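In order of appearance the chains are A, B and C, and numbering begins at 1 in each one.
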């Protein structure tokens, strides 16, 4: 049984997800389709990469991960097969792979050869991806449907700007509990901090000068910052809704000052 | 392995979907349940038929499609087994089948015989549908649980009003990206247009006099009209939210004038 | 094939559900994962218990039900394996089991032994639950990973306050159609009522002095009360949105006066 996961911004109100699942089931045998999420914020490759990077490695080796985030038609869109850690990914070369591994290289990267019908398709997951999956699962040579390349596109978007005494990141997305997830990671923060004191600034009047271990470290309805289990900075309110109460938006700047 | 798809307006916050899946798994063996959508706008058979019509034919022949849209109790509700294109559908005779195929006939239509307990059920997908599925999957004769009829109910709702120089349709629903999907189809539009110029009118001050091929054919934040990959008219804003920015609602009139 | 259901407040926008599914699929073989809901209102064990209590018994005997509702870290959180009616449940001992069966005892209750790494985990469904599932599915002795206890925690929250002439309940949650579900059950209502007349009071100016059988028993846009198919009181508006139109919130008091 081959496991195929789906991570998309296609939502669950339209026919798109049904189309992709139907086509996979019609074309391939002995597969199990697992939804990771179809509720990635539309076009938000930072959100998509965050969700996939924090979940894919729990799946068995040999799993295929299909990525459908920010698939808006562009003249020269390219799509990749990427192999890393014994997992195989198919997705657009729109920067999402760079975000997935913080710029680290993958084991192998192939650019899919796209035929004319697929070039005109508004849903490459249905056409191109399924054709590639069929080729791979029936033992076809990967180089028959793609060309090996050295790397995927990087994205600067996902990385904070860093100077000796400052980090300047931004809010990637809001999780289900409306906590803000920020593109500042614990490792980089600590290596820059070198044991110093720090202040997190966000919005005009909000700042936090300590890190919590758990939401309940502060009184109810108080704001806090913590590094979550994925190693990312979170701005939260204990038993509250940080997004609404602090009036935060995706893209808002979050600045760290070390002193 | 028999594939059974679900297309419903039951949502994902309640027990209903769990009940249907549990009952299917308890009663039938060797099945695979696939969610097409549970987020059909409540009671909106145009939305439901649109999603199913654009996805069902991608599934393998022999798939069963269970439809649970607008299942509000009515005294004489009827439920059908419909066979078309080697797919089998079970759903309410509330007009959704007429919309599913633009009024075209199916291969075979059967009206289910409903027993007293099922007549009182608030969730026919759990009782009546599962009993029918069990009968069919264990090789029972379909005419033991239903009576053959000539056709299902049609729905006028789904069709635009047409005169030689005008079409008058309406917004069926908004997709995940908040584009408006309109019940005007490309074939009918072109056959009426006969190469003439045209203007789309919607809301008091909004009109569009050309068709785009892609969202990116107009500058960002500009409105556009296009026929989507399903052949339906879409009102959209490039990288924007047509529903909110144009203040559109389900049911709003969209008029075409040919000149 | 072992069926494992998931009922959580984890939502579908984050990596959590993918993590749990991935870990289950990597660790266990021959399983089928079924989503009951990931859209339980965050932290709302009444909502979670309501959805699970109304769906679990439709699944085949031998099904495992994993509960992940209100899993906020607390110092001494305990997690249970509970066996009842030939179904097995794993969930937090936070009162949800008491609500699940209206305070009735289960067949067997075991408290899981938690190791240090699991104690620090922010997602016990991934670590503790999967380890327990693996132990159980590979034929391990349940008493090796847990200790038998007499009962789970009860929750007073779920029960209305009752006097001879009054019941005082509250709104548990709103279903997909925005009907209010109230923690007043038909059996208790009728046994207290003893055939008398009654009035339901909610909000300052809203009251209802009869019970409907169906939404359509009142004119469109009128409010009504009915006991739904799960036996719970519902406040609804025929073809309308009770939550918005009556300005109701979770936790609002609903009072019954018998006279």
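Operating definition for what follows: a contact is a pair of C-beta atoms (placed from the backbone, for glycine too) under 8 Å apart; a residue touches a chain by one contact, two chains touch by 3 or more.
On a predicted model such as this, the values are computed, not experimentally measured, just so you know.
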Pick one for the touching-chains graph, please: line, ring, star, complete, other.
complete
Using only Cα atoms, superpose subunit A on subunit C and state the rotation angle in degrees, rounded to the nearest 5.
120
Any idea how many Å lie between the Cα centroids of subunit B and subunit C?
32
Where subunit C touches two or more other chains simultaneously, the residues are 12
Interface residues, subunit B side, partner subunit A - complex
3, 5, 7, 12, 32, 34-41, 47, 50-60, 63, 173, 175-177, 214-216, 228-230, 239
With touch defined as at the start, can you tell me which subunit A residues reach subunit B in the complex?
9-19, 21-23, 25-26, 33, 42-43, 72-74, 121-123, 126
